[in-house]
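A quick write-up on the structure given underneath.
Chains: A, B, C, D and E, in written order; residue numbering restarts at 1 for each.
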Amino acid sequence: MSILTFRNVSLTYPARTGRGGTGDKCVLDGINLQVASDELVAIIGRSGSGKTSLLNLAAGFLTPTSGTITVDGAPVTGPGADRAVVFQDDALYPWLDARDNIAFPLKLKGVPLAERRARADALLARVGLADAGDRRIWELSGGMRQRVGIARALAAEPRFLLLDEPLGALDALTRTRMQDFLLRIKAESGAGAVLITHSIEEALLLGTRVVVLAPNPGRLTAEIEAGFNAEILNGAAVADVKASPIFKRMHAGLTGLIHAGEEELAA
Amino acid sequence: MSILTFRNVSLTYPARTGRGGTGDKCVLDGINLQVASDELVAIIGRSGSGKTSLLNLAAGFLTPTSGTITVDGAPVTGPGADRAVVFQDDALYPWLDARDNIAFPLKLKGVPLAERRARADALLARVGLADAGDRRIWELSGGMRQRVGIARALAAEPRFLLLDEPLGALDALTRTRMQDFLLRIKAESGAGAVLITHSIEEALLLGTRVVVLAPNPGRLTAEIEAGFNAEILNGAAVADVKASPIFKRMHAGLTGLIHAGEEELAA
Amino acid sequence: MILSTELDVLPIDAKDTEPARATRPIPTALISTLTVGVILGLWGLASAYALVSPVFLPSPRQVVIALYNLVVKGFVDATLAEHVGASLTRIFGALIASIIIGIPAGLAIGTSRVGRGILDPIVEFLRPLPPLAYLPLVIIWVGIGEASKITVIALSMLPSIILSTSAGVRAVSKEHINAARSLGAGKRQVLTEVVLPSAVPSILTGIRIALGAGWTTLVAAELVAATSGIGFMIQSAAQFLVTDIVISGIIVIALIAIFLEYIARLIERRLVPWASHR
Amino acid sequence: MILSTELDVLPIDAKDTEPARATRPIPTALISTLTVGVILGLWGLASAYALVSPVFLPSPRQVVIALYNLVVKGFVDATLAEHVGASLTRIFGALIASIIIGIPAGLAIGTSRVGRGILDPIVEFLRPLPPLAYLPLVIIWVGIGEASKITVIALSMLPSIILSTSAGVRAVSKEHINAARSLGAGKRQVLTEVVLPSAVPSILTGIRIALGAGWTTLVAAELVAATSGIGFMIQSAAQFLVTDIVISGIIVIALIAIFLEYIARLIERRLVPWASHR
Amino acid sequence: EEVTLNIGYQPIVEPSRVPQADGTYEKVTGAKINWQKFDGGADVIAAIASGSLDIGYVGSSPLAAASSRELPIETIFVVGLISEAEALAVKGIEKPEDLAGKKIATPFVSTAHYSLLTALKHWNVDPKSVEILNLRPPEIAAAWERGDLDGAYVWDPVLSELKKSGKVLATSADVAEWGGPTFDAWIVSKKFAEEHPDVVTAFVKVTGDATAAYRANPDAWNATSPEAEKIARLTGAKQDEVPALLKGYIFPTLEEQAGEALLGGGTVKAVADTSAFLLEQGKIPAALSDYKPYVSTRWVTDATKLAY
């Protein structure tokens, strides 16, 4: 069992000089967070509160200004195969078709062509794109690209999945299916996951825990144990879960937390 | 009053030859739709059902394989200032900062620098990014970029706004505010609008009409007069509207329509 | 006209995709043919009315005859085919050498601090050097064999390949690199699987520029100790004011270069249909 | 070392942004200085042990003396400053001319079917032509004054500017163009407001390559009735085996070119910080 | 073991092109010969210095420059004294005094350049008062055609082109009389000469025989002769112009070579004079006190004894 730990992490984007330069921007302040590999921690927060920045730190794309990030005690010094990322803007490779994008991490591992194609095709089918393997990236719709991005990250079989609004561009039905898929594949693979989402419902359904990131600078202001995902995996109907009073109470509570300190601003 | 009309529009992407070539792909079939400038038509549908393609046709980026698209009877032969688009992937210009991106359509019209900056700043404030004007595009979060894209389209003062999931990357609160903003600015400006969204709730709240696009090939399978937007503009509380039985009934109905013909597939 | 590979016109006035009634106004090939026709016509007129002395601008007819003689009899002890063969060998030798050296060097400059520290000053020093100035030094160092000619041509090709490669590398999307690294790519893999493919359009442009530069340097390279080659042929003819041969040589160079360019564009079309989709 | 503008190293081994403890391993400038030092050292050794005849590889000391004499007394009737001034005027004249012609031509080729039809065959014909071959024709048309030298240099600069411009144009994102048109941009505005800025990184690369090519052609250009100019100076010295002057000239050219390259990179840094963010 | 002989020639119309075309050199020297074409003496000298060439063809100016830089070379055969082949052709100029302020072109560093400067000195015309331009022969023709030049000191066939619309003010034959002879010569790298003296002797012998063949009956080498065809084929000259081009030189025979006028003394003096002149012009850093080591009669003397 692996553990991803944020200890007192802060992040300041340095000032940009030159024309239209900006000042230093403190984006995250004193973040403490632990994600174990049997968990899925959902992060919710306002637009611009620093969710993507937090994920980029975990991925190793950014180095914290202060504090440390570790995986099983070893400091994160850069990106690595143990932490696969699904990007907010799909970062798919335009020179590869959908199948080869998904097979990309397998190619990196040296999996033979036929096998990696087969595995990519299986993943394509599981994200509902069985017949889109030959398509170029620009021939896919926004939602399709998101799903290819998810499949690509899964193909890497990482210890942690870092998901940045992976289901944002999907319609309700496809989204529900993908939620179910994510839940199951996470359980199967035993990978830990960090999920950024704008849907409080999604956060509650998928997350073992839900944390709230408040903006300016980004701080974790709340943390809730959810646990509905276990129920669903044990066979509970999603509709029933959503209809349960405790779910509704938590939903309302989180909504309030996100809105906290904003009403006066809006007034 | 202007009217945007789709008459019997079909679209087939031509086959791509060469390595990994694909066959012809019929994406839209026999679309008939009218959007008047006092309307906001919301389009909902599965991922890959052809919503973006439909919008690209209206924008003039694509030419229909058959059928005609007209604005006030004049055929659409290409993109034009009368139909401003908010893209699913923000198509912002990386060589301009946020403010100049918004001021871009004003620059095209020859508005003097000071004035267009002032107007861009006003729009920035209205989308909640008052202090982000100097930022480069890559210094903005996903949700911020979406809002800049919306502000840029509004700055063009078009006759029709073509919005492709413009609020998809926003948290609930920001999204609610942007919905309200869109509703009001649309009413103020008298522009017609086509809104693609994955949120049935959003479609019902903002749309004067909601149409459902079924996939493979994309066809309009339902059209519902919503009208809640008028209530909201007249002062009704959004929460009350959402709680009303008729809203709930419509929501359930649309959900059913989108899922129609899919359950057997999923089985 | 072979130039029209229809692959690189940006649809500012065409639609992104035009599924139906793709009514192409006038085919580019036709316009190009017309252009060439007009130029040939002007040339014919200029020489017919002797606007320029025939010593410097022979008539198209004369040049055609000279070309025919070149093919059949040859000039300065070699037929046209032999001259072309010799020059092509040098150009391709130089191209291969400069690709083998230039792409890794460009990658090193674009990706690694140490690589850049070492190579940048060397490249920036070599880049502006006029071949006519260092010709004696090249002779001293590599002798007068084929190696010296290939060296001179390669030195003129290298800079554009190195520069386009490193420019292509610099324009690689950071997200693409980050994605690869988080999917398990090592540094080498990032280079081969992301940076290199991303830079391919830029590298191809560099190779096209390099080919042009190579031809440009051909005459200078063949100034020294050549016994055949198009540049040698032109040079020999110029010495004795045999202008029809000079112009024939120029035309032959242009035709070969245009043919190679055509192939380069075909390759470009195959390799980088995605260039405007990133 | 002035080459290190720290702007174009891709962070394959660095982080995207390194807000804190940006521990740069070894500064590139230092590595570059070392590289230059090593080369100078090798040169010194080679000449000290007379590995190459001193006629062809004078010692660094001799070259420094030659440089000093060049500055103070001059060579072939002009001081170093006069030679440099003459050549710089030609290079910049040619650069301006080829920018004025090349960028619009590249835009036309990249964006319009008709423009491409007309210009492509002309450009592809001119591109590979060796200056040494067309020198007489240039003289017939523009005489032996400064114009001919500038023409020859400009002809060597044009191709890379045209090609990089049209390559840059082809890589413009279709979405960016579509966005502009739906926001009310006319064709001309799409060109000036979207296509041109998008192509700027590519155009700058083209200009950098062009500058190198210009220096490369300098000697050939100054074969034509020059009485001063670095190329003329080198040429004259080379004929009499005054190798220390030749090497001094080469070093002067390299230093100037490196300085210009440095400026080009500064401009690049100012204009296109977004190149890897699209 | 077979000797490999690398020869750098220039595309000059002169008799030794014929044995070159016939393969006589190979036959007589018994060496494997690589013929390399050069367009200027400076490159030939660089190639000899680099060890890539053993024997090379140079004009008197580059020869003087190379000797002054003390390169290990030796003059083995004076190919030809330049006479009518190079001349100063002018337009709108009647007498030498008119040259002041006029544009005169010549290929710098060539024998023509040297002759022009010698002629000016002879006429007491200050070279600074004349605008002397550096142009290669084809470019001279073009600039003349365009009317950019008032005169040019150049060689055939460009010279004959200029003569069509201009007049000759002086030829190299005149200049030679005024004390500035110019010539072309074969030189050898000293190292090669030491290692393979017999090859060098054989080379000189064949060259001398070719000259002798021409001198015996110059008129036989007419435009349709096989000799003219061979020369045209190797140089790129037009075949019907070959006889006229040959007439522009005085080709000394093998017997004349060793004489006081040539390798036996005249050549040394000419090289020394040329060097002194180049030094005066600031073209070379220093001249030597003695140029004898760079000229040798040994080869022509040995060659006269050789028979094949």
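Observations on the model:
We adopt the following convention: a residue touches a chain if its C-beta (ideal position, glycine included) is under 8 Å from a C-beta of that chain, and two chains touch if they have at least 3 such contacts.
Here the structure is a predicted model, which is why all the values come from computation and not from measurement.
Fitting chain C to chain D on CA positions gives a rotation angle of 180°, reported to the nearest 5. When each chain is reduced to the average of its Cα atoms, E sits farthest from chain A. Work out the mean CA point of chain A and of chain E, and you get 82 Å between them. We define each chain's centre as the mean of its Cα atoms; on that basis chain B and chain D are separated by 48 Å.
Each of residues 13, 56, 60-61, 78, 89, 136 in chain B touches at least two other chains. Touching of two or more other chains is recorded for residues 16, 53, 56, 136-137, 140, 173, 178, 223, 235, 238, 241, 273, 277-278 of chain D. Shown for chain E are the residues that touch two or more other chains, namely 40, 42, 46, 49-50, 138, 141-142, 145. Residue ranges of chain A in contact with chain C, taken from their complex: 59-61, 78-81, 83-85, 87, 89, 91, 93-95, 104-105, 107-109, 136-138, 152-153, 156, 158, 162. Put simply, chain C touches chain D in their complex at residues 1, 3-4, 8-13, 16, 24-26, 28-32, 34-36, 39, 52, 56-57, 110-114, 116-118, 120-122, 124-125, 127-137, 140-141, 156, 159-160, 163-164, 166-167, 169-174, 177-178, 187, 190-191, 195, 201-202, 205, 208-209, 211-220, 223, 231, 234-235, 238, 243, 246, 249-250, 253-254, 256-258, 261, 275-278. By the touch criterion stated above, chain C contacts chain E in their complex at residues 53, 55-56, 75-77, 135-136, 139-141, 143-145, 223-227, 232-233, 235-242, 245.
Note for the complex: chain D touches chain B at residues 173, 175-176, 178-186, 189, 193-194, 197-198, 200, 272-274, 277-278.
Listing the residues of chain E that touch chain C in their complex gives 6, 8, 11, 35-40, 42-43, 46-47, 49-53, 137-138, 141-142, 145, 157-158, 161, 233-238, 241.
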